[in-house]
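Structures given as C-alpha cells follow.
Each of the two complexes below includes chain A, the first together with chain B, the second together with chain C.
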Partner chain A sequence: MKDKLVTMAHGGGGRATSELVQAVFLPRLGNLELMELGDAAVLNLDGQKLALTTDSFVVSPPFFPGGDIGRLAICGTVNDLTAAGAVPLYLTVGVILEEGFPLAELKRVVASMAEAADEAGVKVVAGDTKVVERGKGDGLFLNTSGLGLLRNPPPRWSQARPGDRVLVNGPIGEHGAAVISRRSGFDLDSPVQSDCAPLNDLIGTLWEEGLGQHIRAMRDPTRGGVATALAELAARMELGIRVDESALPISPAVSGVCDMLGFDPLYLANEGKMLIVIDASVADAAVDLLRKHRYGAEAAIIGELTDEFKGVRVRTPYGGHKRVDVAEGELLPRIC
Partner chain B sequence: MKDKLVTMAHGGGGRATSELVQAVFLPRLGNLELMELGDAAVLNLDGQKLALTTDSFVVSPPFFPGGDIGRLAICGTVNDLTAAGAVPLYLTVGVILEEGFPLAELKRVVASMAEAADEAGVKVVAGDTKVVERGKGDGLFLNTSGLGLLRNPPPRWSQARPGDRVLVNGPIGEHGAAVISRRSGFDLDSPVQSDCAPLNDLIGTLWEEGLGQHIRAMRDPTRGGVATALAELAARMELGIRVDESALPISPAVSGVCDMLGFDPLYLANEGKMLIVIDASVADAAVDLLRKHRYGAEAAIIGELTDEFKGVRVRTPYGGHKRVDVAEGELLPRIC
Partner chain C sequence: MELWKRFKDPALAQKLLQELKGLCQGSSQRPTLMEVCGTHTVALSRTGLREVLSPYLDLRSGPGCPVCVTDDSDIDLMAEVARQPGVIVATYGDMLRVPGSYGTLLDLKAAGARVQLVYSALDALELARENPRDTVVMLGVGFETTAPVAALAVQRAASEGISNFLMLSLHKTIPNALRALLAENSRIDGLILPGHVSAIIGEEPYRFIAEESGVPAVITGFEAVDMLLGIVELVRLIVAGRPEVLNAYRRVVSPDGNPRARALLEEAFRPVAARWRGLGSIPDSGLALAEPFAAYDALQALGLRRPEARPPRRGCRCGEVLRGLIEPAECGLFAKACTPHSPVGPCMVSSEGACAAHYTYGRNG
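After this line comes the complex of A and B, so read on.
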C-alpha cells in the first residue's frame, strides 16, 4: 500500500478496500475463518455449524427512496448470512449517534429496523448506544452483527464447474441508483426505489424445494455492485464467468439514471439481490421457483461458469465482449 | 423523554442512556432476550446455550495510557461475554474510518486488537470497513460483537439472597482516570494506566475450581463505573447492596486524579474489572483464587446483599452512609 492516509476509496468495497484488508487487517488478525472473506464466517461450535457476520452502515443520506439506514442495516446483515448459506436468527445493533440528531428521526430508523426484522423473522437481541459530539459524526451510524445456523447442505463452492449457471433474483443497481438520485435531487422526478429487502425467505425456498444441494455459491452484490461480486466469485472459484449483458435485468428507471449521470448499472450497489451459482440441470427450475416470490419476480439466468478464461467477461448485444472486474477507486461513497 | 435531540448524556451509560433505550429501542425491538439488558444476550440454539453481545467504541483520544481503542474493543466484548457467564470464542470487528486517518495509526490499533485477542484466546472471524468524509467522523470508531458458549452452570441470578457477598477483582476507576488524565494533559506526571484487560481467563478459574455454581451474578462496571453497575445489579436482583467504602480498592494515583479534578472513583469507568455476586460461604475462597491471577491480585470483598433496603448504600469510614445510584447526566463523554 502506498497510501499513508485513509481515502474514501478504502471504503468503496472495491480494490482499495481489498488492499486495505490485505495489508492492514489480515497480517495481524488472520485466521482460517477470516481469510475466507465471505459474506459471513462459518464456525463450528460443538458440532453445530453457525454463521457470524458484521456490517457497519454509514449511508448518506440516511433516508432514501425505498428505505432508510435502519432497514438497510437489518437487510444487509440478513442477506450476508443468507449468502453464506445460513438461516439468519439473531442480530445485534450498535448505534453511534451524533449529538443533536433528532430523536424523532431515530425513532423512524428504529421502527424501520423493527419492521425489517419482523419481516425477516429475526430477533434483535443485544444493542449498544454511543454518542459523539456535534461535528464528530454524521447523524447516525449503525452496526449490525448477525448469527445464523448453516443450512444443510451448505453451498458447495468446491463443486463449482464449467457450465454451472449464474442467477440473479431481479433487476440490478436499484439501491445505488436510488441513493444517487436522492443525493442529486433527481428523486423528485425519478421513480427509482432502493431494492433493500431481506432475502432469507426467498433463498430458503430453494432449500425447501430440494434445490439447495445444487447451489455452489452465493454472494450479495452490495458495494461495488454485480461486477465486483462476480469478479470475487470468479476469483474464489478459480473459474471464469461469462455474462450475457442482454440477460441482465435492468429497469428503465435505473438505465435512465445511469445514462444521465454516467454510471454503469453493473457497478451500482444492490441491497435486495443475490447472485446464485447453481448446477445447470436445475437452473431453470430455480428461476421458476424464485419468480413465485415477491423478491424474485424478475429472476433470470445471467451467465455461466467457464474454464476458457479467468475473471468475468460480459457479452454485449453487438457481439463484442467487455471485461469487468472489482470496482476501482471511489465510485460512490457511503452507499451503504 | 422530554428531549427532542440526542444529547451527550444519552451516551453516558447512566440514566439518560437507559431512558433512551426504554423510550426508543425497547418499544419497537423488544423481545425477551433484549429486555434482559444484560451484558450479553443468552440464546438457546438447538439446545446449545450461546451468548451474543455488541459494543461500539468511540473513546477519545484513541490512544491512552495503558491501552488504545483496539485493545479496549476486544477486551470490552470479551468481558461482556464473561459477565454473562459465557466463554468468549468468536468476535467480529466493524471499523468506521474518517478520511485522512493515518494508516500507521490504524495498523497500531489492529496490532493491539490482535494482541488482545491472542491474550484472550478469541478469534476475530469477520470484519467490515467503511470510510466517511473528513469532518463526518472522528478518526476511527470500532464495533465489536462477540459470540460465546454459556458456562454450566451459568450465574444464577434467581438464587441471589441477603448475605451474598459482592467481590471486585482489583482497584477501581483506572480506565476513567487514565483517559481523563490524558485529556487533561495530566498523564505526563501521573502514573495512572487504564486497567483494560480481558477477564475471561481470570473468571474461568472460578468455574475450574468448582466455585461457578455459587456465582449469582456478574457485571463489568464500564461507563458509569462501579456505582452504576451496582445500582443495576441491585435493581435486577430486587435487593439492596451494602458497600463498605474502606474495602474498595482504589490506587493512590486514581485518588489523586479524582481529588484534583473532582471525580468520584465509584463513577469512573473500568475496563478490566468484574463485580461478582457470590454465596458468602465461598467468598473468601473466591478472593484467594482471584488473587493468584495477574488480573485479580488486589481482589476484595466490597459489600453484601441485604433485604433491609433497596438500591446501594455505601458505608463511609466515619460511620455514615451515602446512597449511590446510576450515573446522572454526562459525567465523562466518550470514555469507551
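After this line comes the complex of A and C, so read on.
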C-alpha cells in the first residue's frame, strides 16, 4: 500500500477499502473467522452456529427520502446477518453525538430505529453513547452490531456450480440515487425513495418453503452496488457470472438520476436488496415466492453462473457486452 | 411507449444497426469516427455499443472530457491554491483524484488542506456564505455546459457583495479545440458532436468544420437510440461525401442553442488561449473572467502565477488518446501501471475518461 494517509477513497467500500483491510487490519487481527470476510462472521459455539456482524453509519444527510440514518443502522445490520444465512436476533447500538446536535432530531432517529427493529423482530439489548465537541463529528454517527442464529441448512457456497441462477428481490440503485439526489440538491417532482428495509422476513420465507437447501450464497449489494457485490460473489465462488441487463429491475426515477449525473445504476448502493445464488431448478419457484412479499414484488432472475470466464459479464439490451467489477472508490458525479 | 423508454428501445436500436450495416456494406475500410464528448465515450461502453459497432466503425475518443484535457500545469496550480492558508477549495468530484506533482487533491485533503466536493459553482458560493472568515476558491473546470453556472455564481457574488468567493477559471470551449484537432489528425472521417455542449452553443459554431476540413459532423444525444441515430446520419454523410453539420438531437438542441446561457457566458467571461493536454495552447479556447469581475479571479487575488507547461508524466499517452491517435490499450501503462485505482494520467481518473471507460467496461474477464 503506497498511501501514507487515510483518504476518503479508503471509506468507499471498493478496492481502496479492501486494500486498507488487507494491508492494515488482517495482518494483525486476522483469524479463521475474520479471514472469511463474509457479511457476518460465522461462529461455532457448543454446536450452535451463530452469526456476528458490525457496521457503522455516517450517512450525510441523516434524513433522506425513504428513510434516515436510524432505519439504515438497523436494516444494514439485520441484512448483513440475513445475507450470511442467519436469523437476526439481537442488536447493540453505539451512538456518537456532536455537541449541539438537536435532541428533536435524535428522537426522530431513535423512533425510526425502534420502528425498524420492531419490523425486523430484533431487540436492541445493549448500547453506548458518547458526545464529542462541536466540530469533531458530523452531527451523528451510529454503529450497530448484530447477533443471529444460522439457518439450517446454511447457504452452501461450495455447492455453487455453472447454471445456478442469480436473483435480486427488486429494483436496484434506489438508496444510492435517493441520497445522491438529496445531496446534490436536485428538486425532483417525485424524489427517488431509498429502498432501506429489513430483509430477514423475506429471505426467511425461502427457508420456510424448503428452498433454503438450494441456496448457494447471498450478498446484500450496499456500497459499490450490485456490480461490486456480483464481482465479490464471482471471486469467492471462483466462477463467472453472466448478467442480462434487460432483466435488471430499474425504476424510471433511478434511471433518470443516473442519466443526469452520469452514474451506472449497477454501481449505486442498495439498502433493501439481496442477491441470491440458487439452484436453477428452483429459481422460478423462488422468484414466485419472493414476489408475494412486499419487499420482493419485483424480484427477478438477473443472471447465471458459468465456468466459461471469471468475473462478471453483462449483456446489454443492444447485443453488446460489458464487464463490471468492484467499484474503485467513492462515486463521483461527472462534470458536464 | 413512454418517451424516455423510446430512446432506450432495443428494437429501435436494432433497426438503426441494420441500417448502419447496409450503409457500411461495400466500403473496404471502416470509417473512423470520433466521439468528441466524454459522456459519449462512457455511454458507448456502458451500452455495449462500442463492441457491437466495432466490426463496422473505428470509434475514437476525443478531447471532450473536462478533467482529461486539463493540463498538468493547471493541476499543479489547483494544488498550489489548495495549499494557501485560509483557502477552502471547492471542486467537482472528478478532479479529486487526478495526480499532479504534489499528489492528488484527495491526498492534500488528507494532509490537512480544505477541499470540499461541490455539485455546482452555486454550492461553492453557498460555502463562501457559510464560511465568511475563509476564502472559497471554485476550481472552474468544464466546457460550455458547466461554465454558465460558474458565470451565474460570479455574477451573484458580485451583486450580493460576497467578497470571499473566488473563481479559478480553467473553463474551455469546444469549437477551436476541434479546429486544432482536425489540423493534427487527418484520419478522422466524421465527428460525433457533443449533445450537452451543443444545447448551449447551438449549431452555428460548428459550421467551420465542414468548410475548413471537409469532415462531416453530427450533433448527437446520449441514449442508445440517440447515438445510433447520430452515427447513421454521420456515416450517411461520409458515404455520400457530403461534409455537412447536422443536428440529430433536436429534442434538446435548438439551432441557436440556449441564448440565455450564452449571454451569461459573454457577460462573465472573455475568450483567452487555453492549455489543453495533448493539444497544447489553443487560441480562443478558454474562458477567463471578464474585466467587471476581475476581482473574483483567484489567480490575481491570491497573487499566484501559472506554472510553466511541463512534459507529461513518464510513459503517459493520454495526450495521444485525446487526439484519437491511439486506443487506450495501445498505451504501455494501460491496465498495468495505470488503473482507475492507481491512475497515472487523467483519462484513467475521470469517469468520463476514455481509458477509465475502456478499463471498466471493456476488458473481458
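Some points to look at:
Throughout what follows, the second predicted complex is superposed on the first by the 328 of 336 C-alpha atoms of A that agree within 3 Å, B and C clash if a C-alpha of one lies under 4 Å from a C-alpha of the other, contacts with A are read in each partner's own complex, and residues count from 1 in each chain.
Following the convention adopted for this analysis, a residue touches a chain if its C-beta (ideal position, glycine included) is under 8 Å from a C-beta of that chain, and two chains touch if they have at least 3 such contacts.
If you're wondering where the values come from, they're calculated on a predicted model, not measured in any experiment.
Once chain A of one complex is fitted onto chain A of the other, the partner contacts of A:21 are limited to chain B, with no touch recorded for chain C.
After overlaying the two complexes on the shared chain, residue contacts for A:89 are found with chain B alone; chain C is out of touch. When both complexes are overlaid on chain A, the residue A:318 reaches chain C alone and has no touch with chain B.
When the two structures are aligned on the shared chain, A:132 is found in touch with chain B, with no touch to chain C. One of chain B and chain C touches more residues of chain A, and that partner is B.
In the superposition on chain A, A:43 contacts chain B only, with no contact to chain C.
After overlaying the two complexes on the shared chain, residue contacts for A:5 are found with chain B and with chain C alike.
Of the residues of chain A, those at positions 3, 5-9, 333-334 touch chain B in one of the two structures and chain C in the other.
Across the complex, chain A is touched by residues 2, 4, 8, 10, 13-14, 17, 38-39, 42, 45-52, 66-67, 92-97, 106-107, 109-111, 117, 119-120, 123, 141-143, 145-146, 196-197, 222-224, 340-342, 350-352, 360-365 of chain C.
Contact residues of chain B toward chain A in the complex are 1, 3-12, 17, 20-21, 24-25, 28-29, 31, 33-34, 40-41, 43, 45-46, 48, 50, 52-58, 60, 89-90, 92-104, 106-107, 110-111, 113-114, 117, 123-133, 135-138, 141, 143, 145, 147, 149, 333-334.
The residues of chain A lying in touch with chain C in their complex are 2-3, 5-9, 15-16, 19, 183-185, 240, 246, 252, 255-256, 259, 262, 264, 309-325, 328-330, 332-336.
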